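Report on the structure given below.
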Amino acid sequence: MTENRMVFRGTQELEIESPLIIAPPKRLSPPPPTFVDDRPPVLLFEQVSKWYGPVIGVNQVTLELRSGITGLVGANGAGKSTLLRLATGQLKPQMGRVSVHGVDAWDWQAKRHVGYCPDVDVFYEEMSGRRFVLTMARLCGYDRREANRRTEEALEQVGMRDRADRKVRGYSKGMRQRIKLAQAILHDPDLIVLDEPLSGIDPVGRQEMLELFMKLASQNKCLLISSHELEELEKLTEHVAIMSRGRIAAVGTLQTIREMLNDHPTTIRIDLEQPRELGRLLIDSPDVVGLEMPSDRTLIVKAKNPKQFFRTFAQLVMEEDFAIERLEPLDDSTHAILGYLLGGSGKT
Amino acid sequence: MNSTPRAPSPVRAWFFLIGFAMRRQLRVRQLVILAVGMLVVATGLVVFVTQTIGWGMMERVMRPGMPTNAEVLDYVEVSFPPNPGSAMVSTLVGGILDTVRVSDATFIFPQLSRWVVFAVFVGFLMPLWTLSFATSAIGAERESRSFIWMTTRPLPRSAVYLAHFFAVLPWCLGLNLIGLFALCAAGGPSGQEAFRRYWEATVFGTIAFTALFHFIGAIFRRPAVVALLYSFFFETLAGDMPGTLKRLSISFYTRCMMYDEARKWGFEPERPEVFQSVGLETARWVLIGTAVVLTAFGMWWFARSEYKDDL
Amino acid sequence: MSTDPLKQRITMLRYRPWRGELRGPWSGVLAIARVSLGQMFRRKLFWGLFGFSALIFLFYFFGQYLGVFMQSQLTGETGTVRLGSGVGAVTVRPENMIQALTKTLKMNGSADTFANFIWFEGYILIIVLTLAGSVLVGNDFSHGSLPFYLSKPISRWHYMLGKCLAIGVFVNLMTTVPALLLFLQYGMVDEWSYYWDSFHLVVGILGYGLILTVSLSIILLAFATWLRKTVPMIMVWVSVFVLGRIVAKLIVDGLKFSPSWRLFDLWNDLYLMGASCLGIPLETMRPGPQPPFWQAWLVIGGLCAFCLLYLRRRIQAVEVVS
């Protein structure tokens, strides 16, 4: 039997070194920003509320973004698009204030710092992609030479340089998304707001886009990405803001949010030869709230206080010499967290 | 993006937007083709009348089937030949016939003005052309939902409004002036005189109409229909009413300018006591003032509006 | 689905499959008309325009009432009548006012009343139909909702018929229905024998309404299918009805050409057709002279036939392309 080693690294993390144990998927995101900065935040929502007639779209939202990638998730009608439109200065809040680098987002000068990739699929269809991006560059106020240079750079970054001379009406959905992204980044904004940027893009293109987002984030830009592709978002960032019914239900890393949900137990799958024996021992732990055996080699454990549970579990396994074949948290994903927060399966 | 950026200029962006918006008017080729088509039809009609019976009274008939007025005059002349025995009668009849023939020449200009310039051009073509282009400046962007590209640029919203106005104004002015020129040129020498007299009123009227319809385009989701209601319902109704209600109508001041220019040709409103014309300077200032006020108000309104429906 | 019989029974209690019969494509026509009406009725602009048309109706409504009232109250009075007292008193000649209402404005429950009323409603109706054309048909093309219709088990002609039905509702709401209300009103303010004596006017009003419904809906559909966008639609639609009238007036009234040239004025042609249904003699119609009724029927009929052929061709083209 392959020897399993469990290594405690401080009190924060538990590493289990074994080729037989499936570790949770590694995230590709850069470390979340932790520096203390006196400059105004890139994007700041201060008690912002927005009504559409009698319906409230955004309800007393306070949110501060400085750099890195922040995912914005929520069910349909949660207020994500309204939030993004407030951030890009297309809507004005009825209460509160939205500011970009301290400047009111409605003010035209704030838009110099904002690049917006909208979810709507409208272009000047008779133009080529290059001409469209160039037009957007000229509308930002660049002279012809600078606009050309920036256009080529932006097209290069989004991988459209060799295909940009075709008319937009002949583009596929993915190409249209890339052109939208190109016009959003050409003026080197500090805040890039992306509304469903992965919608309609094939898996290969999606990976390219994710790498591009990572690259932009590594250039100290702040990205706010609204998406329903939760699996992709998880690969991109740990930092999410979850919206529900116009409010920010939770904001922070997925882990932090998960830990905050003390009333919702973690579900962990454990594969081993003697699940019943392990289960008998685990039931005595005060952190364990439920056990299930879907098969004779699998044990599903529902536990509160994941950190404490894993400590207890590790000790138990070492003492009783259980051969763990598989250890996998089943609901540490954004789907699951979303489901807990919003109710339902978490599918959006 | 690692290169050292050159500072972008909102003024440069604004001027680019004017040019861009001007070129965008061509995208609805149907619009331009229809406008030219209408001009061709109207001009063809004027040419037809000019070349056949003309705008004077000589080739007209009192009722269908009757001889023309020229034939009637010739018949009278033949019926009363010069007669030494009744020289006074002959002289009198001859004098009357000559007077009628000479005065017919002065009848052409008013006829041309009334039917071609006032009825066809000022009453129909000018407001329709201006409406079609001016409401499309912002209205078409909203309708096609491409307006988002304007509202997310680092340009003041009021500047965006003003840029679109300056972009559409040359189109309206060009089309109206060319249209007036074509219609008047088709009317012969009197038509050319009519163009010389009326082009200034056309310019002022076009500027005011453009400002109004551009403003309507920024407020309403279906601006063309609202503008149509104004042009062909309110203006028609108000124009025919006694009293001062007609002074809310832009075409009233345009007509006042035209009547003022044409007074020496004996062309006046059919019922001056109902029309109650204002002076040339007053009409000019009102039209320019209307354009300035509407544009300024439109800029203010546009800067505050959100356009939720278009998102 | 659960295999537990108890749970199955519980499931059946909550859900019952539909046991009806699928209706044919003609019910789809009604559904399309219903949706189209909803699309228009939810627009404030439509109700604003409808308000203007109601003004015209109210003008006739009160005009008729005033005429009958004056005739009934002031008969026997000759010369002048002093209304009011003091400084604000006015002196009127009743017979002049009655003359103006009944003979000049024709607000006397006669065939001319309804014909003229519908004529004046045309000013607003044309604008409403412009809006309807761009909303009902143009939007289906530009917003891509046409495939939703065409993917259902209906033919393209059913789609067209549904739209025509909706357009017909707008036309009748602004012409036939208020004209019938005016008819009803006149009988109530005058004498009940008016209903029997003038029943042929009801037939005439319905006939006029039918002519407007059929012709305007076909023409509008053809234009909307050709042009699709609002502004070009307005240019052509207004040219046909307004420029046509100006040209006809210039040629016939100004240049004294043959009255057949008045056929350029499409609204006048429809007016002639309606007048023939209402039994109005040609010689009494203003403006005069007017072309014979049959020429108006021919022009409108020919135009409708041309539009139908165009629609047929466009629909076939869609099939070939797809």
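Going in written order, the chains are labelled A, B and C, and every chain counts its residues from 1.
Keep in mind that, in the parts below, a residue touches a chain if its C-beta (ideal position, glycine included) is under 8 Å from a C-beta of that chain, and two chains touch if they have at least 3 such contacts.
Predicted model only: the values in this text are computed from it and were never measured.
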{"item": "Neighbouring chains common to chain B and chain C, by label", "value": "none"}
{"item": "Farthest-lying chain, centroid of Cα atoms versus that of chain C", "value": "A"}
{"item": "Inter-centroid spacing, chain C versus chain B (mean Cα positions, whole Å)", "value": "30"}
{"item": "Between chain C and chain A, distance of the C-alpha-averaged centres to the nearest whole Å", "value": "56"}
{"item": "Between chain A and chain B, centroid-to-centroid distance (C-alpha), Å", "value": "58"}
{"item": "Chain B: positions in contact with at least two other chains", "value": "144"}
{"item": "Complex contacts: residues of chain A adjacent to chain B", "value": "52, 81, 85, 88-92, 108-109, 111-112, 114, 116, 118, 120, 122-124, 126, 135-136, 138-143, 146, 149-150, 153-154, 183, 185-188, 219"}
{"item": "Residue numbers on chain B that touch chain A, as the complex places them", "value": "1, 3, 5-6, 8-13, 16-17, 20, 24, 27, 144-146, 148-157, 306-308, 311"}
{"item": "Residues of chain C defined as touching chain B within the complex", "value": "43, 45, 49, 52, 123-124, 127, 130-131, 134, 142, 227, 229-232, 234-236, 238-239, 242-243, 246-247, 249-250, 254-259, 289"}
{"item": "Residues on chain B engaged by chain C in the complex (per definition of touch)", "value": "28, 30-31, 34-35, 38, 41-42, 45, 49, 53, 60-64, 111, 115, 119-120, 123-124, 128, 131-132, 135-136, 139-140, 143-144, 220-222, 224-226, 228-229, 232-233, 236"}
